[in-house]
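Per-chain numbering from 1; labels A, B, C and D assigned in written order.
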Amino acid sequence: MNSYGTLFKISTFGESHGPAIGVIIDGCPAGLQIDEVFIQSELSRRKPGQSKITTQRKEDDTFKILSGVFEGQSTGAPIALVIENQDQRSKDYSHIQNTFRPSHADYTYETKYGVRDYRGGGRSSARETAARVASGAIAKLLLKKSGIDINAFVSQVGDVKSPPYTQLDLSKTEDNIVRCPDSATAEKMIALIDQVRLDRDTIGGVVTCVIKNSPVGLGEPVFDKLHAELGKAMLSINAVKGFEYGSGFAGVALRGSQHNDEFVNEGGRIRTKTNHSGGIQGGISNGEDIYFNVAFKPVATIMQDQQSVDKEGNETTVSGKGRHDPCVVPRAVPIVEAMAALVMVDFLMRDKVAKLS
Amino acid sequence: MNSYGTLFKISTFGESHGPAIGVIIDGCPAGLQIDEVFIQSELSRRKPGQSKITTQRKEDDTFKILSGVFEGQSTGAPIALVIENQDQRSKDYSHIQNTFRPSHADYTYETKYGVRDYRGGGRSSARETAARVASGAIAKLLLKKSGIDINAFVSQVGDVKSPPYTQLDLSKTEDNIVRCPDSATAEKMIALIDQVRLDRDTIGGVVTCVIKNSPVGLGEPVFDKLHAELGKAMLSINAVKGFEYGSGFAGVALRGSQHNDEFVNEGGRIRTKTNHSGGIQGGISNGEDIYFNVAFKPVATIMQDQQSVDKEGNETTVSGKGRHDPCVVPRAVPIVEAMAALVMVDFLMRDKVAKLS
Amino acid sequence: MNSYGTLFKISTFGESHGPAIGVIIDGCPAGLQIDEVFIQSELSRRKPGQSKITTQRKEDDTFKILSGVFEGQSTGAPIALVIENQDQRSKDYSHIQNTFRPSHADYTYETKYGVRDYRGGGRSSARETAARVASGAIAKLLLKKSGIDINAFVSQVGDVKSPPYTQLDLSKTEDNIVRCPDSATAEKMIALIDQVRLDRDTIGGVVTCVIKNSPVGLGEPVFDKLHAELGKAMLSINAVKGFEYGSGFAGVALRGSQHNDEFVNEGGRIRTKTNHSGGIQGGISNGEDIYFNVAFKPVATIMQDQQSVDKEGNETTVSGKGRHDPCVVPRAVPIVEAMAALVMVDFLMRDKVAKLS
Amino acid sequence: MNSYGTLFKISTFGESHGPAIGVIIDGCPAGLQIDEVFIQSELSRRKPGQSKITTQRKEDDTFKILSGVFEGQSTGAPIALVIENQDQRSKDYSHIQNTFRPSHADYTYETKYGVRDYRGGGRSSARETAARVASGAIAKLLLKKSGIDINAFVSQVGDVKSPPYTQLDLSKTEDNIVRCPDSATAEKMIALIDQVRLDRDTIGGVVTCVIKNSPVGLGEPVFDKLHAELGKAMLSINAVKGFEYGSGFAGVALRGSQHNDEFVNEGGRIRTKTNHSGGIQGGISNGEDIYFNVAFKPVATIMQDQQSVDKEGNETTVSGKGRHDPCVVPRAVPIVEAMAALVMVDFLMRDKVAKLS
């Protein structure tokens, strides 16, 4: 359904052009200071219109908390958070009302439900991710208390790739509009996105996420392995096509003798010499950096004529209208971080009952 | 925890060297003929000792149904299925009782739980997947009634790759011991695995899975997208490091104008001209082939000395003993199919309440 | 947590004196006409200030739908429904800010969470049930399509009892302000409540609920028996102390030969001669009337001084202030119906996957 | 489905006359000493044939643990526990194969599932409760560590009632075969059951349960109130018709000024002067005794001819055969305790994440 999480659980609602989107966060422990300035700053990292390489559509994405917070503190009651849609003016939707846009969810929704809110993609719009970012911000506030730090950045746009994360200074991610901490790569990425936009086209990319300072022991052994939940969380983000952690797909070509991470005693703390495991062994964090890649396809809406069919099955032509992102990854960075934070908080809480204390 | 699925739900139990492993299947609709011969044949595709390129350890993996089936038919009650462990003779485990094997779950389990069944990896052993294969076989029996067909095969071992699935005859997968339907590639894969085994080493691989004849409409829009659940299901299998569907990581480098799947009317049925979407749009099946890749790392147990530490933090050396798989992917094929079947059955059932009928 | 239901799932939020209360309904099938006039009429049956025997506090309880409905129809997306709190003016709460009101949730919340929204009871206020009534109204719209009819009424106030439901005309429940379909009993109940109010006291009561025209087969065999879910749903309503169905506690004194409901063939339909089973056998509906009683304690807030302690443990005195219900059952009738409707819809949907079709 | 609990979760399986019944316990914290002698003793309190007032059928109900326990300790992995059915010899079931026994689940199962394991009631048999008692025993082992003590006893058989629990010495419950701690009442109860048995009839009863030494704070505010879960757990037991806690149905006739439990400071600990609340306020434990009553109907199987219909709708006659309980409550005592233990453990674990620590 529309919920995510076991103990720290979010339920999102809302359509792109309805009155509002929002989220209920159920399970936030009582006693947390809810820093609204921080929540807003996270939403602003995701909002449209933030730079020349994102859509020029304007939504301020200001939020209101309706419940669960009293005198600035979480009370243990569900936190309802609402973001009103400003940009819901009546538009001409005749081009998509009866026509299925290629590689969008129009056709599958129409068939599954027999009814479809076609305005701006309705429930299938990536606008829903604003609710994730807001709740992810609250998750981050909890993680700060455990010292866990989550940093995502753009590691690839088209075929322009950054160096591996271990060679980067992740504090520089916000220094440029594409959110790649390597400035030379960032320039190339921005130039590529600019060119793609001029071509009235779109392009894909990769977001890499690094989680530092995780305690040992997060994740559940069998179906709810830490990386399985991270994978599901990432794959649930609009436009994501793939997920890999640690050595990932490249690890396939290695031999066990190359791939295994030998243990060492580093000043009393058990560490691994290498980290092909991506900080996760047997589905459970081992204290090393958790890192993973998330592949995003090129945005489906392009400013070009494409072949399609309408609801009656007649062949027709459809083209994007309005203001769309030529590349989704710069705005996807806070979304990836938010989903990672939700996964980590949930496992932190689940771990509290793993053994007798 | 140890359950998977929403309406068709499995809960597995058991350790590698305990008395038995097994599964409860809760939610299997009443009235299904339970074909025990088919279940056994699926288990035999996974069992150890089946060929020269798998571990030579012998387990027959015969199962017994304890409940939920009456006169050959499912009754709607939970189906409990047990596989006794034959190979649980007392062994010398001193090499792993107090030592953490590199890239195994020993260290993380010990830290998380404070206690660990070290015999053969205990709960973290891939032996648990036999329970998945058995329940996946029952899921397949249900899928047959809907015409849905699931075929996995080995598409890569080390750097030896098969042609794409559209160029293969998937009915030939079982024709060779490595389970690659392209015989020329299969020979190279087998030779590589043989060499790796002689080197007392291991190697990774990729399993590709193709789901044909899915109806339109399976999957849920937001967090439980069809590919997000497939991703979680695959990433929950031991040794998996990555998942991609449709164009996957390669799709990142494409432009929207190349990547979008245009719609056509093919004799009254809405189809797409290409299938970069991998049969899934907006998280919901569109009726085209669903296909995805699953990356497996090299098996962690190698017959070589590796550096490690013991429970007290002392540095030490550990080496694999006994009979282990040099490459896991041939035996992973039925596991991937089983998990895919569980996902598909669950979404088929969930779809029955999506709209008023 | 704050959710109820399996396939038709509601999640409520909001405090008595926060900005708003509300609910997300996840799992409502697409294609349902959402009759907002009906939803409002149900809310008006529950709202305060509706008659002289309820609290004179005024809340209009008008609602707004934020999502999940398009052109009057459910779309399959979550339906978010919000009711703004009008009566949240700044008040003097000094009498309860630091003091625990007897038989309220003040002490237990404070201890459990370490923080408490004391204004009007915060999350523990019965105001939360407005969100249940609104979502129950949507459940009723679904039930109407199956012909299932739910009727609750007040069967007892203090020691004034109505005749059994089989002797009553349930269409007359709304004919008087106490919601007892027997007018003679209703008059006595109203007189009793009036007297209790003048005494600055409160009194308890019983709501009886009758569900007619249920199909055979709703409910799940073991833990989720139909009456077990009905029981939980009722016991989750504020001030409820007991639940019994069919013969209930009185059935204890009967012998099996008196209590058993013999089967007969009534014109081709299998019926029972008696209905001590309350329409449920083995946890599953048998097509007869489902009926049950729900016991409500006297309202805890009384206009009298009572002994108590404050947060520091000092003994003190506390008295109710403002406008409160002298007896909760007249307004509880729509709440009981709403919860019953939620249970029945959920089981209707779950039953769709019970057997192969 | 067939699972109960949120963090400490049991899933039962098995039919009355299949090969075995059993349970998986998922979520038991690691590090618990699993006292198998205690588990067996609990099972023996429930087993048939234990005294002259229970069924004379013999089942030893010996269990075997298949997983999750290593060297006597829970490991955090699921604990699978199996009880083989000894009494599954081929019998003559022709009298129930095609006929629906009055007030049994035969008719509702047949209609819901279209197939039915009619042998001994199949899945609807109270034999399933052995799996609950076994897992409840493990829950009790956990509760002992928190000092929580659960005591159930028979407080009513037919119209023979014991004094209220506050006047009884609950350590005497096991002193007689009817499990009523008041010996004078016990004698009357035993005499009544004996008479009923001679009449080839059955009779109902009430089990009262008292939970002492609960910490303050267990239970969740809205839908998962402590008493709502206790109610559901009890109502899920075979033959239960009602549940009330604290003042229960009798509290309805009281006034608020009589019913409210005033707070006092008792040597530094906050207590209530009375306990009409039954130890629960706002759905959360307040540290006082939690007590509740569970009503059981007379056993449906009687040794007398009763009117019924067969599967084709023909009217017919059916009579009980074999050995059945004339009154279920003596054997229900450990079942009520087991379900109460499961509820309390689950809330204890859930409470660990209620606030920041």
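The criterion applied here is as follows: a contact is a pair of C-beta atoms (placed from the backbone, for glycine too) under 8 Å apart; a residue touches a chain by one contact, two chains touch by 3 or more.
This structure is a prediction, so every number in the text was calculated from the model and none was measured.
A count of C-beta contacts for the chain pairs C-D and A-C puts C-D on top. Among the remaining chains, C is positioned farthest from subunit B, on the basis of C-alpha centroids. Between subunit B and subunit C, the centres computed from C-alpha atoms are 46 Å apart.
Averaged C-alpha coordinates put the centre of subunit C at 26 Å from the centre of subunit D. Between the Cα centres of subunit A and subunit C there is a gap of 39 Å.
In subunit A, the residues that touch at least two other chains are 1-3, 12, 27, 30-31, 76-77, 112-115, 123, 221, 354-355.
Within the complex, the subunit C residues that touch subunit A are 1-3, 9, 11-15, 18-22, 24, 26-27, 30-31, 64, 66-68, 70, 73-80, 82, 112-117, 122-123. Per the touch definition, subunit B reaches subunit C in the complex via residues 7, 27, 29-32, 76-77, 145, 221, 349, 352-356.
Against subunit B, the residues of subunit A that register as touching in their complex are 1-4, 12, 100, 102-105, 107-109, 111-115, 123-124, 128, 156, 158-159, 196, 199, 201-206, 216-217, 219-225, 227-229, 231-233, 235-236, 241-249, 251-265, 268, 270, 272-273, 276-278, 281-286, 293, 295-302, 304, 306-309, 313-315, 351, 354-355.
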